[in-house]
Every structure is written in C-alpha cells, then in structure tokens.
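Below is one structure, written out as structure tokens; comments come after it.
Chain IDs A, B, C and D follow the sequence of writing; residue 1 opens each chain.
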Amino acid sequence: MNIENIKKEFPIFSNKVQNNDLVYLDSANSSQKPQIVIDRIYDFYTKEFSNVGRSVHYLAVAATNFYENTRKSVQKYINAEFADEIVFTKGATEAINLVANTFGQKFLNEGDDVLLTELEHHSNYVPWHFLRKTKKININFAEINDFGEITIESIKKAITNKTKIIALTHLSNVTGAILPIKEIISLAHSKNIPVLIDGCQGAPHLNLDMQDIDCDFYAISCHKMYGPTGLGVLYAKKKWLEVLPPYQGGGGMINEVNKEGITYGELPNKYEAGTMATAQVIAFNESIKFLENIGIKNIEKHENEVIKYGEEILRKNNSVKLIGNPKSRGGVLSFNIDGIHPHDIATILDEDGVAIRAGHHCCQILHKKLNLTASARASVGVYNIKEDFEKLNESINKCKKIFDI
Amino acid sequence: MNIENIKKEFPIFSNKVQNNDLVYLDSANSSQKPQIVIDRIYDFYTKEFSNVGRSVHYLAVAATNFYENTRKSVQKYINAEFADEIVFTKGATEAINLVANTFGQKFLNEGDDVLLTELEHHSNYVPWHFLRKTKKININFAEINDFGEITIESIKKAITNKTKIIALTHLSNVTGAILPIKEIISLAHSKNIPVLIDGCQGAPHLNLDMQDIDCDFYAISCHKMYGPTGLGVLYAKKKWLEVLPPYQGGGGMINEVNKEGITYGELPNKYEAGTMATAQVIAFNESIKFLENIGIKNIEKHENEVIKYGEEILRKNNSVKLIGNPKSRGGVLSFNIDGIHPHDIATILDEDGVAIRAGHHCCQILHKKLNLTASARASVGVYNIKEDFEKLNESINKCKKIFDI
Amino acid sequence: MNLKELYQEIILDHGKNPRNLRKSENFNKDAKGHNPLCGDNVHIFLKLDEKKKIEDISFEGSGCAISMASASIMTELLNGKNESQTKEIINDFLEMIKNKDKLDNDNLNENEKTKLMSLSGVKQYPMRVKCATLAWHTLTSAVNDSQEDLNIEKI
Amino acid sequence: MNLKELYQEIILDHGKNPRNLRKSENFNKDAKGHNPLCGDNVHIFLKLDEKKKIEDISFEGSGCAISMASASIMTELLNGKNESQTKEIINDFLEMIKNKDKLDNDNLNENEKTKLMSLSGVKQYPMRVKCATLAWHTLTSAVNDSQEDLNIEKI
C-alpha cells in the first residue's frame, strides 16, 4: 500500500466541497472514513442486520460473531491481555465517565486527590469534577512547561500522598505534545496509583501496546480512528473491571434478576447494558484492518513528515504564533495570528476549502493558562499531504490581507 | 404508498438467508432498516462527513444543521413542546439510566418508593435497582392481571404516599399489552408523581403525542424504529431537564470551565456530552420521514391485522400456549409449546428462515411471575404480512413433529 | 457565500477599533454573556436615567471581528435611545440576522441602518450568527435584570 | 446446518426423559449453573467416596432439549468414574464441542462415546453451545469447590 495513495480510499476527497478541493485539517476533531468502513455499514444493514447476543436465529448468530470479532481485533491491535478487557462505549467521553463514576463510587472518599494535567480535554475533567461534588474529592493539575508539555517532573511535583488516581492525555489535542505516559505510569504504579490514559488523540496516531504501557485504563474514540461515530472503546485491566461496580443498568448486563435483587453478568457484558452500537462495532473492525494494512509505524512516519513540513511553513509566516513547541509532537498544530480571532481565520480559510477548527478545543484550562480564549488548530490524518499545509499557508496569507496585517 | 409494498423498501428481504426467504418476526428486538436510512448513512460518510457543533467550516456547519434538523423532526413527530426537550442518547437503556441517575441524585432519599410494574424490561429496572443500593430507596411492582395487563387499579393499589416516581412500559415486549398510560399519568400527576414511560415498544407502533400523554419522560430506542443502532432518544419535559443535574460530563455540555469549577451548557447540550452519534442522528431523520410518509395510523392498522391473524392461527394450533391475552395488543405474540423449550423452537424455526426470539426477553420478573423461565416471541414490523404467520405456524408444526407432540 | 460581504470595511474597522470598549461610570445595569463554543466573553454596562433612557452604554470583552464589531455598532446606535426604541431596535436586529434582508425601523436614520445592515452578511454563516448576536442578547438580559449570566447557547 | 444431527433420537430421548434428574442423597459436593440468555438453571449434586470416585451424580433444573440431554448423558457416563477420569472426560467433551470431530478417550466404551458424540451437532449452532456445556462447566465448579454460583457467560 502506497501511503501517497491512501487519500483515494477516502471517498470524501473525490467530491468538491463548495467548488473547492477539500483540504481537511480537522482530524483531531473527527477523521474521515475509508470506503471499506462505509461499505461494511452498508452491507451489514442491507444484507445481514440483526441485533446481537439475544436471539438464536441465523442473522443474530452471525451478527454476534461479527461483533465479538471486532472485540478480538481491538484486543490484538492494542495488545490487551484479554478480549474481556475491551468494553464498547458510545465514545471516549463515556469511557472516561464510566471509569470516573465507578472508580469514584468504589475507591474515592472525601479528601482524596485526583491528579489531572493542564492539558486535559473537558471530557477528562468534567467527569472528575462531578466527584468533587458528590464525594468531596480534590482535583490537582500537573502544570505544563513552556513548550506545552507535561514532564515526569511536573507529575512528580503534583502527586500527593492522597492521590488515588491519575488521569491524563496521551497526546495533547492543542499543543500536540506526546506525553511520557510509560514513565508516568511506572512512577504512579510505584506509588500504587492507577492511571487512566485519555487516548483519543493517541490511538489514531501512535502504536498502542497496553501490556507494554501498562496503564490501568485507556479511552479511545473510534470516530477519530477512521471508524463510525457513536462508538468508543474502554480498555481496562481485568482486575479493575472485576471489582468495579457496573455503570449503566439494563438488558444484557445481568446474570439473574428478581424483585429483591440482581446479580450482574460476567465481563465484558457487565459493562455493556442495553442494545449496543451493533453496526458501528462491526464496521470498526474494518477501521482496525485499514490501520493494520498500512501499519501504524508507517502512518506515524508519514504524519510526522507532513506535520513537520507544516510546522516549518507556519514558523516562517510571521504573525503566525504556534502554541507549544513539544519535542515530540503528534499530528496537531495550533496557532494564533496577532490581530485576527481564530473564528475569523476559520471562516476565511473555509472559503478556500481549508477546514480547520477554531475555539478552545474543549481545553479552556489550557487556554486560560496561556492567556488565550481561543486558538486555530490544524490537525492531520493519514490522508493529509504536504500540499495541504501549503494551501493552509496561502489561505492564512489571505486572512492577513483581509485584516490588513 | 401501498402498505403491502413496504417490504420492498427493506433491502434485507431481497436477499436469501441460508437459501430461505427471510420471515423476520424479531422486530421487537430490533427492526430492519429501509433503504433510505441506509443510503443516508452512506451519503453522509462519503460526501458530507464532519463532526458537529464544534468547527465553523462548511462540512461542520452542514452536519450541525442536519443534526439539529433531526431534533426538530423528532420534536414534531412526538409532538413535544420544545426541541430542547429532545436529548439524543446511545439507546433507550441509556435514556432510562440518565433519568434514574439524575432524578435519583436530586429527588430520591432513603425510604422513598419507586413504582415499576411486573412487565418491565431489565432496562427499566436495573437503573432503579442501583438507587436501592446508593440511596436506600424501595422498589414496588404493580402487579399484572390474568391477561398480562397492567390496569389503572393495579397502579392505584401500588402507589404509596412515598412514591416519588413511576416508571413503566408503554407496550409490553412479552405480553404485547398496551398500557393505559394516559390514565396512569393523570392519576400520578394528581398525586404530584412524575412518570417515565419506557417507549421502546410503543414508539415504533403507536401514535406519539407527548403533550397529550403528558408524561414527564419518554425513552425511545431508534434501532427498533427503523433507525440506526447506537441511538436513542430521551424526551423529557423542559422543567425537568432544567433542574436535574447533568449525567455525563465532557466536551460540548459545558458553559465555562476553570480549575475550580464548571458551569454547564444550556439545553439540550447539557445532556449531550462528548461527540455524539452524528451519522446515526442524521440518518434517523430518514426513519422519521419513512414513518411519516406511511402514517403511523396506517402502520398500526396494518400491524394489528397481521398480529390478529397470527393470534388466530396460533390459538387454533393446540399445544401452543399464548402468553397474555390483552384487550389491546401491540405487535407482540409470545408463546410456549408444552414439551418443547423455546430455544429448541427458535433453532428449528430458524432452519426454515423464520426468525423469532427465545428466552426471557430481559423480563425475568414477568417470567418468574408466570412460572416460566423462557418463552418464544414473534413480533412484527411494518414489513410483516399475514403469510409470515402461516410460515411460522408450519414451522411450529415441524417442531411438534420432531418432538413427537 | 460571500466573504467580502461578511468582512466589510465597516466590520473590520469596528472590529479593530471598537467604540465604547470601556466600563461606564456609575452604570446601573449590566450583564455578562459567554459563547461556550469559542470561550469569548462580553460584559455590557448601561447607565439609564429615571425614564429608562440610555444615558451611556459600553462593553468590555474580547472576541472575533464579528462579535466586537457587533457590540461596537450596537453601543454606538443605542446611546440616547429610550426603552421602547431600544427594544424595537434589538428585535429588528435579531430578526434581520435570522431571516430578513431589510431593516424596517423608524428609530434609526439611513446612516445608522447601513451600519447595522453591515452585519447582515453573517446570515450565510450559521455558526457565526452567535458571534453577531451575543452582545445583543446580553444587552437584553441587562435590560431585563436577568439574574444569571447569559449563556449564548441558550438562545 | 443439519437439524437432524442436532435433534437426534438419543438427544430427544434424554431431553424428554432425563436420567438422574433428582438430588443425590448425602451428596458432598454441589454447584449451580445459570444461563442468563434464557434463564435456565442447573444444579449438580455429587457424592464422592474418600478416593474422590463418583459414587453418585445427579442434577436438578430445567432447560432446552440440548441442555437436559447433555446433563442427563453426562451424569450417566460419569457415574463410577474416578477423579482423573472425570476430568479427562470433561475436557474431551468440551474440546469436542468446540472444534473436534472425534472423541479420543480411553475412559469410555464405544457405546458411551456414541452417546456423547450425539451432542457434537451443536458445534454448528454457536448460540446453542452454551446449552450443551452448562452442566459440564457447573460440574467443574462443583469438583473444584468453586464458591460462586456458576454463570455460564463467564466461560
């Protein structure tokens, strides 16, 4: 597979958007979908549809097998020890809520500390904030350095003897910093503190090996990983899933039910209440295959080249100020232009078919720390090429012209 | 639109399943999907994909509009007063969990009663059971009568002066009984008790008018309603959504965030944390259009004819014992055959392409009450025809032959 | 869409050099507005006389060209207007942004109308409508003594 | 798939008239199993002598033809078997149900093997495999003194 030809597998790029070629630089928000993933959804609904896990008729049996095959593929792809450690959720946000809620119920008490970082997405803060209210816990934030990174030292400084769990991102969706999670996890474990990794931005770009990283929880957003919307994955070590209480209650997650009480089903059913996102899970198997076929190492290399090129171009463009300068950067470049608000930039870029995101990217804490309210963000996927950043740069120049900068 | 031709709009029926024509009698589990719904998903992913609500570029704006259009369509379809009263969830199970969790947090205290019925699906019991543990509340069950119905009298008898909420199904997914929810709600409201309706089985078959029914909460499962998997709808009166706490925390549901605290976004954002099931919501608009084009009254009439015909045939088949004999029946027929376990029936029927469900249908309390562990269930959708029940009956006779009954 | 229409000279001017970007002395009404999408804030200050005529109107905050220009133009036009005039202008503006091509308002002269109309290009940019209306909705809640800070998503 | 193979005479016979459907007197080991999918239960009773040989084995419960026949045949074949024989037969059975066509086991005679093989048709019905294995897994937890009631979904 030729990495330069990958773009052809994404049907969206063969259509014009408002008479322009689409320069899609918003993959950190959500990635485009390859044809095979879309086809799988189509075929499943047209020829094979059934609910899973409940009926014993042919379609139901087949669908159940497809569904469980995805679980096995994910297990293999992220090198989890057991397939039961893969829980399907509606998104990474739900995955983090699941952990915060159940871990909080069982293990957090008044006065306990939860450690986050200043880089965290609201999805990895608000669920913990809830516990501040219900459980009277405290939340601490490890601080970023001048490069927009979180270092092991900053974590060390922020750990207290009351820290009960650390939750942090694998890759910042604003500064692009890749965090030294393996060292952080090893440090945390030496103090018996479990670690949740918000892998939303890590999973689409980096090689994942749960047993090597040794994290306790890892949250994945499938729609950012060339998969369908409405689906996430929570990886959790079996030892946690076994002792934590269930999250949502409903059909499929029970063992036996009577008027007085309930016993819960075994893993992973215990955490998959109600009818799941069947078609999405089944189609996500194709996303995994897509990633495997190219090879994540190749994707990483390609994306690094593209983003490095983009970084160079933007650094040369005066009045463009990059946010963060991490030593290891994932596929994210955020910036501001003096005198032009990010929303105005995004609107003007859009006119040329250049799709970026403007705003706080659900990271208000980081933006406040940097004395910003918003920023513009270009982020890449496997289908981006260097020319995309040339077009971005041209459009930025157009902004500057309009605003007379 | 000719109701007899509806089946042609569902591509699954133009394919053979194991060399048989598919006789799909498992719609209470999940319905098949019309071509337009499948096409909408396909088109959205191939030509229009973007995340919603966040970016300001063209694709994002268009997707956000499509997404919000579905909200308006649902509002109109169920005659809710405000579009903000429509919250998208990952399924009916999540919708009920959302209510139980947030209502429980805010309004339930030790010793309070929650009233359910013996007909409830596990999804409308387990979430309340959680509160038994965390809040020390009690759960009461209104009892069924000999016809497998819940009457207003049975509710009257079960209400206590500590009943703080009533949660019950619109249409039993086992006995097929349609509950007198309007009377029940009016009774409950006269005592200031809010009512949640589990509308999973009601929504695909019955005319919905929230303002007429006047329920406080109504939970819908889109995949049972000719829509995609991984999507549900919670209708909730604005007055409740305004006072209840948020359920999940994450991106999109906040107003302002800093290290010390968070203010939440306005309705309906407050209840839609994280990236939602974008493609599914957008496609669900087509399911609503599909239902509107035929007209729910026509669907009801057609399904009633089919199910009546099925009931007649099965009643004539000795050794078939129907479960429940409700005066008003929705599209569900459950039965047992003396001497043959439902799982054996389902396996044998499957050989002829007849897809039914066997088991407790997530209603163990009802089955225990009826001294059963399991039952066989045939349920219909708009695409079923009388011949389907003739085929079912033939296959049942084959079961009897194999088991020498 | 038409970028030129959106970023007219007048918008760019008011965006860069917003008028009345200050805090009124002795203001007797105020309200805060916030756009959760971009994090932008606006704080409107009003000094009303006994007859509820606007003696002074000003704002603080930061935001995109559209939102700054909108707040700036709004404060310019409303200075000296009485209560009913203010309400009419707010309504007419919001109507125009939503769906009208013209502005029918007897309370504004042609020059003022032209200024206000310069914001109408935003209609074609649904995600930016909130930028243009934030200051106006915030003003409404200041006038109405709304307790809560205004969250633009509400509207 | 082949329905005739699944519902052989011998299965139907044991399904309808299960052997050892009772509670062993003076049993010294037992375990309960449950299939959450259909709600079926099985309760296995064992009376072992000092050398852990099975003196009596029986079961209570209800279920489909496959699960009843499986429990019935299991109890018939295991009566009188010692500990290692029991474990071998359990393993071989579970292997056969999963992926083998044949049963290699020196502890059973040809007649017994044929009986057990009658359950192998279930392989082609993945959702029914649990029906065939419930009694066997439950037996394993009885033998192992497992504390918890067995939930078939676990396996």
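The rule is short, and it goes like this: a residue touches a chain if its C-beta (ideal position, glycine included) is under 8 Å from a C-beta of that chain, and two chains touch if they have at least 3 such contacts.
The model shown is predicted, which means the values in this text are computed figures rather than measured ones.
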| item | value |
| --- | --- |
| Contact distance in steps, from chain A to chain C | 1 |
| Farthest chain (mean CA position) relative to chain A | D |
| Approximate Å spacing (C-alpha centroids) for the pair chain B, chain D | 38 |
| Rounded Å distance, chain A centre to chain D centre (Cα mean) | 46 |
| Gap in Å, rounded to a whole number, between the CA centres of chain D and chain C | 78 |
| Junction residues of chain C - those touching two or more other chains | 37, 39, 125, 128 |
| Residue list for chain A, restricted to those that touch at least two other chains | 18, 54-56, 60, 254, 256, 343, 347, 358-359, 364 |
| Interface residues, chain A side, partner chain C - complex | 18, 339-344, 347-348, 351, 358-360, 364, 367, 373-374, 402-404 |
| Residue ranges of chain D in contact with chain B within the complex | 1, 3, 6-7, 12, 16, 37-41, 62-66, 125, 128, 131 |
| Complex contacts: residues of chain B adjacent to chain C | 53-56, 60-61, 64-65, 254-256, 263, 265-266, 269 |
| Partner chain A, residues of chain D touching it in the complex | 34, 36-37, 39, 125-128, 151, 153-154 |
| Residue ranges of chain B touching chain A (in the complex, touch as defined) | 11-12, 15, 17-18, 22, 26, 29-30, 32-33, 35, 37-38, 41-42, 45-51, 54-60, 90-94, 96-97, 100, 105, 121-123, 125-127, 129-130, 134, 139, 141, 221, 223, 228-231, 246, 248-254, 256-259, 261-262, 273-280, 343, 346-347, 349-350, 353-359, 362, 364-365, 368 |
